[in-house]
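The two complexes that follow have subunit A in common; it is paired with subunit B in the first and with subunit C in the second.
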Partner chain A sequence: MTMPVRTAQYGFAERWLPRLVLAPSFVLTLVFLYGFIVWNGYLSFTTSRMLPNYEWAGLAQYITLFDNERWWVAVRNLVIFAVLFIGGAMGIGVVLAILLDQKIRFEGAIRTIYLYPMALSFIVTGTAWKWILNPGLGIEKLMHDWGFTQFTFDWLVNSEMSIYTVVLAGLWQSSGFVMALFLAGLRGVDDSIIKAAQIDGASLPRIYWKIVLPALRPVVFSTLMVLSHIAIKSFDLIMALTGGGPGYSSDLPATFMYSMAFTRGQMGVGAASAMMMLMAVAAIVVPYLYSELRKDGNG
Partner chain B sequence: MNQERFWRGLVYAALVFAALYYLIPLYVMLTTSVKDMEEIRTGNLLSFPQNIGFAAWGKAWSSACTGVSCDGLSGYFLNSVKMVIPAVLISTTLGAINGYVLSKWRFPGSNIVFAMILFGVFMPFQVLLLPMAQTLGWLGIASTTTGLVFVHVVCGLASTTLFFRNYYVGIPDELIKAARLDGAGFWRIFWRIIIPMSTPIIMVTLIWQFTNIWNDFLFGVVFSAGDSQPITVGLNNMANTSTNVKEYNVDMAAALIAALPTIAVYVFCGKYFVKGLSAGAVKG
Partner chain C sequence: MGALAIKNVTKTFGDTQILKGINIDIESGEFLILVGPSGCGKSTLMNIIAGLESPTTGEVCIADRAVTNVAPKDRDIAMVFQSYALYPTMTVRQNIAFGLETRGIAKAEQNEIIARVAKMLQMDHLLERKPAALSGGQRQRVAMGRALARNPKLFLFDEPLSNLDAKLRVEMRVEIKQLHQRLKTTIVYVTHDQIEAMTLGDKIAVMKDGVIQQFGRPQDIYENPANLFVASFIGSPSMNFIPCHLIEHDGELGVSLQGMASPYFISLAGRPNLRARLGEKITLGIRPEQLDVAEAQSSALECKVKITEPTGPDTMVYTEVNGVEVIARVHPRLVPPTGQSIKLVLDMKKVVLFDPVTESRI
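And then the complex of A and B:
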């Protein structure tokens, strides 16, 4: 792999130029990412409400947060959403990728169709699905026109079901992306292994299950990372589709944080919830980055 | 052989079914946007429009209400254009330079710098919102397009650096060494050797950043106001403005207007778009 170019043989300018060139980005990252994490963390220990102040309040905001039923609704929704969204997108993506890998005619065109939702803003997706799932004129009306007059579909306005509309729209937008990742992975699997297994008389499903999918472990892993990351950060889709409602029944932590910090004058609680989100992401990402970078160093 | 044909038929059927699943929402958006409200009420989601008209498109562009004002999406669209162009160009340029240093001019500690920048790809931006809002105020660029460009550059650096760094790692170091023996320096190597080899990754990064920044809603809704709000905020305001009768045709036309630029990029540069997605997903 890459050997670091030895710097000792270069002149003074050449030695310092790379660091100098990197410095602005490094400073921006240091101040605006890491500095702000600390700052936001500090805010979460203050009494800030409408405006930030720096009066120490200890864990008071976290206690308020954990006493807030709305926060636990958001957390519960995140678990529901993450499990169904990640599981569903992986399932749909893997199946479509395997089907597309069967030397399909028009593969390019089909792939384009599967993936285009990924180019859309979640706001666009949310607006479109809000109309499709409209309780009066959407799917319900369509089913009535087709003769299923008893059919009702009120998930958007039903606080028990509203989070599932977010899952539906999220799957529509992101499953094609998973397909693309897996298809790329499948293309990387050595054909000769599959041929050999076929000669040994293994059936196609068995070959995929026993040989191909295990070979795709890195793809599975990075896809999981990306999807769980999308799930935790999900904000736009909820804002456009349900606005967190009815009531706060479809809130996720990201919409909870926004609402506390910017519309309800509970800045400290908002900051505390953001810290909780950061910790959740860090728990997933830091071990992953660590292993990736170590691999890089040895490779 | 017959059995094989049966299975292939089944595979094609499943693929076509899935294609319909992805296409129907687009069909519904398009057809709804050219119907009038009367037809929307009497017909259904899938019914083909009887009298195609573009009144809803006109209204969405120039006269639909987005909260208090009723000037359509045109202003928001322009704001997004003014925001996206500098943000994409600056973050891509910085990413290219960073990637070049972090792959070809490593120094002790450069891997730590890379890891620190990399975490930005995953960071939940919620932790930045409150401090950033205050800082933008201090800098005097709160609620301006300049402020939004700044936020997008800072938060985009991680991805662009990662893209370029991973691409440049694949360029053989021997090329750099040879150029050094010929007396070329840091910038000369960058311009004469690295940049000419970078067209694919530049395309990938430009498209990735364009799509992300155009589609962003979080920063738009938190850091902009009035005449700097991007199109996603305009669209969301329009679709969630609950005055009198909801005009679904106008909403759908508005959604399509907001989607057009990224769809166009996807259609014309799909190859690079897919590469960007995989590059963004498969790190290291």
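And then the complex of A and C:
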């Protein structure tokens, strides 16, 4: 007689406990993430300036945004940064991973050294590189002190080149991470596949290019996802390294949004630019999620 | 013509010597089996033959050419791996074509070769599939096809069947044997399965701890094992090893076997090198099929049937002699019920003797 009762109680707890535990974080996410996204979306259609207001303005803020030259600089910078950062981090990371995969000595130590920058926040990275690249303090000064007085390296203060210093610091920070991801993937590849390819007469680059890397497609994919994420939401690195300057030459959409919404009293334009960024992220993530979820559904 | 010669090859990883002076010499067209327990260095030796590892000392010759410092691709070999090692993102066709492509063989000829190999291994219908969509047996076939496509001087097989189920293993074994008889290419084949070793090999090298224990033809190794290890490793069920004392009885050297009744003396007269061991311990080795049920009258070794294990054609009878388990392989009709006694006679011509201390053959 007692058995069914106990089963029922157990069943009740089993059914409701996970939901209860998840509920607070679910509510918080709903309000503070999706709620604020919706709010921001609404603000982008209002005349908000210093403070939010709810006077409908239609697409006026978007028109202002698209007329703003600074926005287009930020977008152009994002394209440059994203392409060089993602491409560079992938390239460097893969090459490092392949080199480390050749059963070299002190691998553990080397791996830690390369991975270490990832442990720093972008603020620290940005500040450190600001000093390194500062013509009066860093590399240029060092070369001058050594007697190479012709040497100039002024990217940080050159509005043509400042965005490339951001790329440089970003690569320094993230390449080791990509390397770690790929190294884990490479370790998963059966050794005898490489041996078979050696006997087949393929050179090492060809083995990796034709056989090993194609087998690591999932790693390539998730690494791309992570890197594009980092690229689009890059904010702290810019703030610490160049502050968007000189002028607004190294602005990215995230820093643009921040200065519009919070320092220049253009909340509506800021909200509109935030929506543009959201759409850019969605354009990448949604197809990815869709394909992943569909795979789960089938499998 | 020498197809493969391995001369004094040693291999050391760190401080441990894995191969301790290997010497093997086989003729063109021969099927060499490397057999031994796990970890004895078979794969290491194979990798050295393939050039994937270099020997610490010693020399490897393939087709009468010293290749110790030649890259794997220039050794004119093909290898089939235990894990098949198919290229996972390529179709079967591309898997086979890859090696041909790197060797700069023209597209038309590639297709010709692929068609020939696919026909030979009956895998035409698999050519456009990826390895993930193949069964274990089919992957095995593709791996062999990839090796065959190149028509090398020497085939290397590293435990190619160990991931297959029992039935498929038997089928593939026969197929490999047929293939060898047709192509007459020299093959080196690693296994830890003694049945594969016996059935496939022209020559067997039995390895243990990086040393070749015995090298010879399967039947020789079966009948004249060089030591206790080889005797116990080759043959299934394993050879029986009965501990005895060498005694003298009526002027004849021999040993006494204790079943369930009175001791039974068997004469070892006429065997050389025994006299000096009088009174010492020796190990008598006899295979299960060399024990037979005695005719009604003759004197025999009487022992108790502990377990019977019918296999169909024969029945394995488990008994006890001199305190150790002894298995006899007898005709099912002659098997008494469990618990009763059975009278056994030994085929004295086949009995082998070992020194229990050095474990080598007397």
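As a convention for this text, the second predicted complex is superposed on the first by the 280 of 299 C-alpha atoms of A that agree within 3 Å, B and C clash if a C-alpha of one lies under 4 Å from a C-alpha of the other, contacts with A are read in each partner's own complex, and residues count from 1 in each chain.
In this text, contacts are C-beta pairs under 8 Å (C-beta built on N, C-alpha and C of every residue); 3 or more make two chains touch, one makes a residue touch a chain.
No experiment lies behind these values; they were computed from the predicted model shown.
Aligning the shared subunit A places subunit B and subunit C next to each other free of steric conflict. In the superposition on chain A, contact of A:Ile211 is made with subunit C only, not with subunit B. Touch criterion met: A:Ile193 reaches subunit C, while subunit B stays clear of it.
Using the contact criterion defined above for the overlaid structures, shared-chain residue A:Ala274 touches subunit B, although it does not reach subunit C.
Legend: residue contacts after superposition of the two complexes on their common chain; A:Leu33 is shown touching subunit B, with no touch to subunit C. Comparing subunit C and subunit B on the residues of subunit A they touch gives the larger count to B.
In the superposition on chain A, A:Phe81 makes contact with neither subunit B nor subunit C. Looking at the shared chain after the overlay, A:Leu115 reaches subunit B, while subunit C stays out of its contact range.
In the overlay built on the shared chain, the residue A:Trp71 is in contact with neither subunit B nor subunit C. Of the two partner chains placed by the overlay, only subunit C lies in contact with A:Ala202; subunit B stays clear of it. Between subunit B and subunit C the least C-alpha distance in the superposed model amounts to 7 Å.
The contact surfaces that subunit B and subunit C form on subunit A in the two complexes do not overlap at any residue. Across the interface of their complex, subunit B is touched by residues 1-5, 7, 14, 17-19, 21-22, 24-26, 28-30, 32-37, 39-41, 43, 52, 92, 95-96, 99-100, 102, 104, 110, 112-132, 134, 137-139, 141-142, 144-145, 172, 176-177, 180-181, 184, 218-219, 222-223, 225-226, 229, 232-233, 235-236, 239-240, 243, 253-254, 257-258, 261-262, 267, 270-271, 273-275, 277-278, 280-281, 285-286, 289, 292-293, 295-297 of subunit A.
Note for the complex: subunit C touches subunit A at residues 47, 50, 52, 71-73, 77-79, 81-83, 85-90, 98-99, 102-103, 146.
On subunit A, the positions that touch subunit C within their shared complex are 190, 192-193, 195-202, 206, 210-211, 214-215, 217.
Per the touch definition, subunit B reaches subunit A in the complex via residues 8, 11-12, 14-15, 18-19, 21-23, 25-26, 28-29, 32, 40-41, 44-47, 94, 97-98, 101-107, 110-111, 113-120, 122-132, 134-135, 153-154, 157-158, 161, 169, 173, 176-177, 180, 185-186, 211, 214-218, 221-222, 232, 235-236, 239-240, 248, 251-252, 254-256, 258-259, 262-263, 265-267, 270, 273-274, 277-278, 280-284.
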